[in-house]
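Below you'll find the structures, each written out as structure tokens.
Each of the two complexes below includes chain A, the first together with chain B, the second together with chain C.
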Partner chain A sequence: MSNSPHPWQEAVRPSPFHGAAASHSLTNEWLRRGAYTVADVYSTVEQEYDALRAGAGLVDHSPLNKVRISGKNARPFLNRLLTGNADDLPLRQSLSSLFCNDAGHVIGLARLLRVHVEEYHLYTEENHTSWLWDTAKGYNDIQIDNFTHDTGVLGIFGRQAADILLAAGADGAEELEPSHHDAFMLRQARLRILKTMLMGEPGYYLYVDPKDALLVWETLMKAGEAHGLAPVGRRAQDICRIEAGELRAGTDFIGALEAVHGNRPRSPFECGLDALVDLEKDHFVGLRALSHGAHNQKRTSIVCLRVEGTEAVTGARILSNGQLIGVVTSSAWSPSLGHVAALATVAAGNARPGEVVQIEFFTTNELEPETRKLEAIIVEK
Partner chain B sequence: MIRFLSRKSKETDAVKPRSKDGCDAVIIGGGHNGLVCAAMLAKAGLKVTVLEALEKLGGMTTSDEISQSVRVSTCAHLVYALDERVVKGLKLHKYGLQFAKTKLSTIAPDGEGQAVRLHHDMSKTQAGLRVFSESDAAAYSKFREKTRAFSRAMETLATGSPSNSQASGLEAVESFLDQIQILTGDDRREFLRLLVSSSGDVLDETFENDLLKGALAFDSVLGLNAGPRSMNSMAHYLYRLSGEAASGRGAMAIATGGMSSLADALSGAARFHGADIRTGAKVARVIIKKGVACGVELEDGERVTAPLVFSNADPKTTYLKLVGVDYLDTGFYSQVKALRCEGVTAKMNLVLDGMPTFRGLTEEDLSNRIVICPSIVFAERAYNPIKYHSFSHDPIFEIVFPSLHDASLASGGAHILSANVQYVPYKVEGGWPKRRDELVEQLVKALNYFAPGVKDRIIAGHVLTPLEIEQEYGCAGGHWHHGDFALDQVGALRPGRGAGAYGAPIAGLYLCGAGASGGGVTGRPGLTAAERAVADLRAGRKAGARTL
Partner chain C sequence: MAGHDVIIVGAGHNGLVAAAYLARAGLDVLVCERASQVGGSLANTEICPGFIGASGAHDVTLMAPAIISDLNLSAFGLNFIPLPGRATLLRDGGYIGSYANTHQTACDIERYCHRDAERYRDYERHMARQRNLFKTLLMSPFPDIAMLGRDDHHLPEAVAKGLKAMGKDTMFEALTFWFRSCKDHLDQYFETDALKAHIAGPSFVGAPRGPFSPGTAYLLLHSQLGAHMQGLQGFVRGGTQKLGEALLSAVKTFGGKVLCDAEVSGVNLAKGAVVSVTLADGSVHEAKSIVSNLDLKRTFLTLFDWEALSDPLLAQVGHFRMQGSVANMNIALDGLPEFPGLPDGCPLLAGRLNFTASLSDMERAFDCWKDSRTPDYPPLEVTLPSLSDPSLCPPGKHVLSIHIQYIPNHLMAGNWDDEKKEALAVRVLSLVAEHSPNLKDLILGWTLDVPPDLEDKFALTGGDIHHGDMSLDQLLFNRPLPGYTNHRTPFKNFYMCGASTHPGGGVMGAPGALAARSVLNDLGYAGS
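After this line comes the complex of A and B, so read on.
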């Protein structure tokens, strides 16, 4: 069991599902995420996208950072850490939330599962264990350990996901309410299943012992044959994520602990994540800053864009009446929307849906430098 | 400057926070700053309750009977720099505050028959210094002039702008920079240089006489966990000087009747203005609802509600114990936890069967403040063992004989030798229970060198190590100043970013003790906290809440 808070100190390693994933990879295109490599593309982005939107997609989420928080003070600690109300989270339920620093800037997004009375699991995109340890100073009877390498996480998302789980033999999982989770048996494998939405699709996270990883993968793939299940790589996931307007930490905003420039961190309001912040709570780290008037004046907003053309424009400048107002942070051609969808950060006050803006980026045309200008419209998330 | 309203003023209503029952302000701790704050708030028309854990008021400004009919100032022994605004504003003389002697000279013997004498009268001082060094006599006047001018800029850094507890850390730094702008180009450079210098270096380049340098070095480190060769010791010297400048008669004075008389006068003034003062009332926690302080809970479960809560306790006790981690942000908690507040000064009171003699000192000298610190090297050597949780065999002392000025303190020819001793660690290797006797023995032995025969005159004695000061008065680390006065622990950074200069990060909770802006018997933290709270009320601000 590794307690190392710094993934960069570790060698990159295969995810627990790597053997199975590799057997499905026609491209051999891998990507480093956290301490693992995961598939960027298995077959083609189009096929994977179609599977996810029409049937279901199998996604290796093992790079998620996993932290177990237990002890008598786990509950007050988490309620102080997270912006959402974790105080009365019932057993076998989960909370989608985020956590901030003192200044009310977002450090990361998190999903919290209460697995026992005094035991919680916290899943985050990036590794923030050192922040958790800092925040736990002053509490006795609390254990925080990073169990990232002790659990594989598999996602199955898409309209067929429930049927596939049923066909695979995870009896009872289909009855889970959204954001509820429980322990199940899938053949000989004990695992935890959480029902939730991701990339605009209903589905499940499966938390699996690494020794059972290949068994679970193969069981699901087999059960999913008749339901259009396919493994889905990072590229197709990204399209679906952008279509659904889901932010990714480090891509669409910089976490407060990673930012070097003082003006780069964002408040939850600037990220459009108001719904994850409970300002009525007694306290959480950053509450005082966030309830202060200054923070209600957003400096920037994250918006969705519909961009003309067919090319991804990530990193492009956004102009309004010739003035630079922002930057595109994620973008992809959306097969179902029929246009390029993008997420962008723009100066506050420029976020009105329907507003037309200009997109500008540098490229080359037969090795001649060229400035490309496109139109885009701000759309509802 | 905020003008306080008189009790009958028509404007009073405007100042009052709304409180249905209970009081307007509750003050945790009846140390001298808590009492100053209480009296000032009560005078401004607020209904104030003071809750003191001990049976006696005054905290570290207190006196006790040490043996039959001998009263000593148990902890602090000099009214070092009591702010004139406190003395006059509260008419403390009306409530019994009298000074038996003020403006004590500093007498620094070398133990071999020589002594340097620093008086408030410059020409008298210079005349004395000329015996040792013509150039030091000239340099001393320039040095005093320069450091006094710089101490005003230092005060701004220490207390920030008194009108606005909402000022962010950045604004506080700006107001400090404004203060620096007032200085001319060369002075500005010099001031900034002194801020980061060691007093040892500055004194070495200014003076040639070791005894003089030692006496001045003493004041740069008294109450500081640092030696004269440590960075920041010069800034500490300037800070101490700033207190002196703000005080009038209350500069380096001996209170008639001991230090309790200051607490008595302050509580008398506070009660006159309507404050309710309770002793034996130990606060267990600050009650916080929706992030706002709204009262306190006593150890016996009783609750006292008030829209304003002031804590005279040190920052660690206030935040880590009384508020608790659940209501603090991660970074702030770490900062308060990391606050350096281990005291290095012990207090020793000896009852002697008669006045001792000191090598090279006259009878007149003994009625002043005696500083035993014959050189910078001597002080630095005394400091060294602290780093390794031990204590030196040759400590440095600040000694006064209060009974010489106030016969009521000791009868029958007995006299009190009251001394601050450095450096005595908070934690000692082997533990205090085992090493306490060794410490006492060393202190007496060291003293006996400068005052031969004093050890045979001792009829009673009392020593408080920093650990005992913590246990007795409930201040974490047993530090008079509730935390070292260092550049990273002053002004807007004290006790942590977002709580600097009185405005706690928790709305409705103010610090009013030494932890807010620095210690010493100055009354300034209590006064400034009251001023800020009243300014916040007038401006309709959520008290204490501030931007980061």
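After this line comes the complex of A and C, so read on.
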């Protein structure tokens, strides 16, 4: 933008893909994510869901927070930061992990890419840069900077994703192993492509210079015409995310840095993210708290629910034998499961699959207030 | 004369809030005010014919929302104009702005320092946690800390719950935060001097302390206590006096009586209990409870015979620190003053403007206050209320209000007189004119109140607008004095409801509401 806007005009930024996304939007329904707006729905939620599950979906992930960590000490720093083993992460590979504070409470989920020998990129849902600086104090030769606004992120997910990428001319990308990434050319655009799974679908993340954003979008959309590619907004993504049991920071749990109330943060075990925590590691922030029986001191658990009825029940209370035991954090009608799927936080000890619970929420039916009571079953993730 | 249930001495905003709550509960309430109008320092002042300025507070961002809705003040004509934010104008022509939206403020800071912009989000989260705890303290009577754990003295449930919910880390943060200086606290987050001064600026209005003084980090919080309502509260349409008038209407509607030009000259004791007040005209009025809206010193030193005050009380009241540190200037203008430092269309012009660009500059000005001199560069807080409220002056004209910080009550060079005030006004106008080149050509008239004027007009001892320094030794369980919590005093039936009591100064109304609660409890209206 030649005339950079004044701060008071700059509350929300358009994503680098906004121009293209807007031309595909039939609904003009936008949603604020971090500093950006992204599409909530482009055409209809059902069409977009179907494209993602049957063909492929193009998703704008630019609001993701991006931090570059470089220098000689980047590796030991990150290994101390993340609960997974980042020490021997090879070049051009990535790691899904999380990081905690000293108390062993989850700050955020992270995807770490090693892009050079001494340079890593860390992708998170929320902005933790200031905390990363604090945590890096004591390390010399380490640079941490936030480059969120300098990179657009486009996801292409679904069973046709690889074919579309090939048709688009990203030569060699189809040979990427899962969780591997590399630099590619797509027409005149240099970009980095990571192969991974998201929302239960295989696919790719494309990290793009904002000046190439529209070119990349259009190239993919053209290549995807024959493969059922459609841009997919946040609502349809959410359905797939809930079906796959993927948590989102700020939605399904409150990050330890964001929490205003001291009893809100959760341990990785309370989030059901045990698999991402390597208690055998020599050290990471929060290890001491987590290895001291945090496993057994779970106050809450995050569970998947199968809810009767057809409507979303996000925010509803969960009761067991009349006792309040938790709250629904995400929910949607799942076309492929054929029922309402939900993620919920419940008091520990109530998380056994097969257990029947009651869902209760207030709503209106043509402006008539109603208290809705539904049954739900806790299901395996 | 027939007795009342409650007599309230002084019709400042806290006295009126207390009166409204008590009258609403069905009590027979009489408010006695020395001046010929209510509202105390909320009074409007006429700068010159047709121009309305603020003689005390410029805006009322701290007024507790619960009180506004409890007393239905909007129905009594109270109408707020939101403040869009604040700006600090820098000498090089730039500015730093803050807005109701944290993200927007971070964008603004980003122009100066990327690091500070990231830190700002952190800072705001920290303040939100502290605010969250403090919110519960604000509207709860503070327990007698020496009695905690004995008999049935417990922390109020809301406070206990708040403490429990805050978690260990926030508790540790709080414990250090309370004792720290404003400078030390801001240094933990920020690098840019001007940003630190920008954040600290409004917190020090009326505080006889500098940003380097220990315990001043708390002031950052106190000035933010209304922040969760930011964008909803701000200026009062028609001037701050309208808040006093709305409270007066509320009191009257609930059946309370208000006597103006009725100075209470003393209270009368019987067997250690206060039973009546004597007015300046010699009339005596009896009541079951008497509530003083006066500051601590005036309450005990002017209403009581000193023989009646026990030995430690007299000394403690004497040592309570009340020191004026702010002067208030209102200027009538022939047109809109230009502030070229703000780009065209910047909404912050209608907010608060500061000009001090470093904490050291603030501290140096405070040094002058300690030496009983007026500083050469007093920190200024400028507002242009007529920009959002044209009813304050004739069309096309404007009103500019200025809080001038670190103006001592007593001057080394002798008492305040017209000559000294004129010199201060000239100095302040030239400081503002550095940022507003056309200001001096627009001036139609001005008024200036220095601390002794504020003392005369509003009975603020020492000219202290907060009814006592808000440092940790005079806050919470120490306000007004250790052991005198719940707005009760050593004298039976006698209460205090002014800003000398918990939770302190600023146009909040909380001391008045809490005092009313104690009176109602003691009169057997528990649960009201």
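In this text, the second predicted complex is superposed on the first by the 366 of 381 C-alpha atoms of A that agree within 3 Å, B and C clash if a C-alpha of one lies under 4 Å from a C-alpha of the other, contacts with A are read in each partner's own complex, and residues count from 1 in each chain.
We take it that contacts are C-beta pairs under 8 Å (C-beta built on N, C-alpha and C of every residue); 3 or more make two chains touch, one makes a residue touch a chain.
Worth saying up front: this structure is predicted, and the values here are computed from it rather than measured.
Using the contact criterion defined above for the overlaid structures, shared-chain residue A:Asn127 touches chain C, although it does not reach chain B. Of the two partner chains placed by the overlay, only chain B lies in contact with A:Arg80; chain C stays clear of it. By the touch criterion defined above, A:Asp171 reaches neither chain B nor chain C. In the superposition on chain A, contact of A:Ala103 is made with both chain B and chain C.
Touch criterion met: A:Glu258 reaches chain C, while chain B stays clear of it. When both complexes are overlaid on chain A, the residue A:Glu225 reaches neither chain B nor chain C. In the superposition on chain A, contact of A:Glu29 is made with neither chain B nor chain C.
In the superposed model, A:Glu370 lies in contact with neither chain B nor chain C.
Residues common to the contacts of chain A with chain B and with chain C across the two structures: 101, 103, 131. Looking at the complex, you find that chain A touches chain B at residues 76, 79-80, 101-104, 131, 134-135, 137-139, 280, 282-283, 285-289, 291-292, 294. Of all residues in chain C, those touching chain A in their complex are 85, 97, 99, 101, 103-105, 107-108, 110-111, 114-115, 118-119, 121-122, 125, 128-129, 132, 164-171, 343, 345-348. Residues of chain A that touch chain C in their complex: 6-8, 10-11, 35, 101, 103, 127, 129-131, 133, 145-146, 257-258, 260-263, 265. Against chain A, the residues of chain B that register as touching in their complex are 288-291, 320, 325-334, 337, 497-498, 505-507, 545, 547-548.
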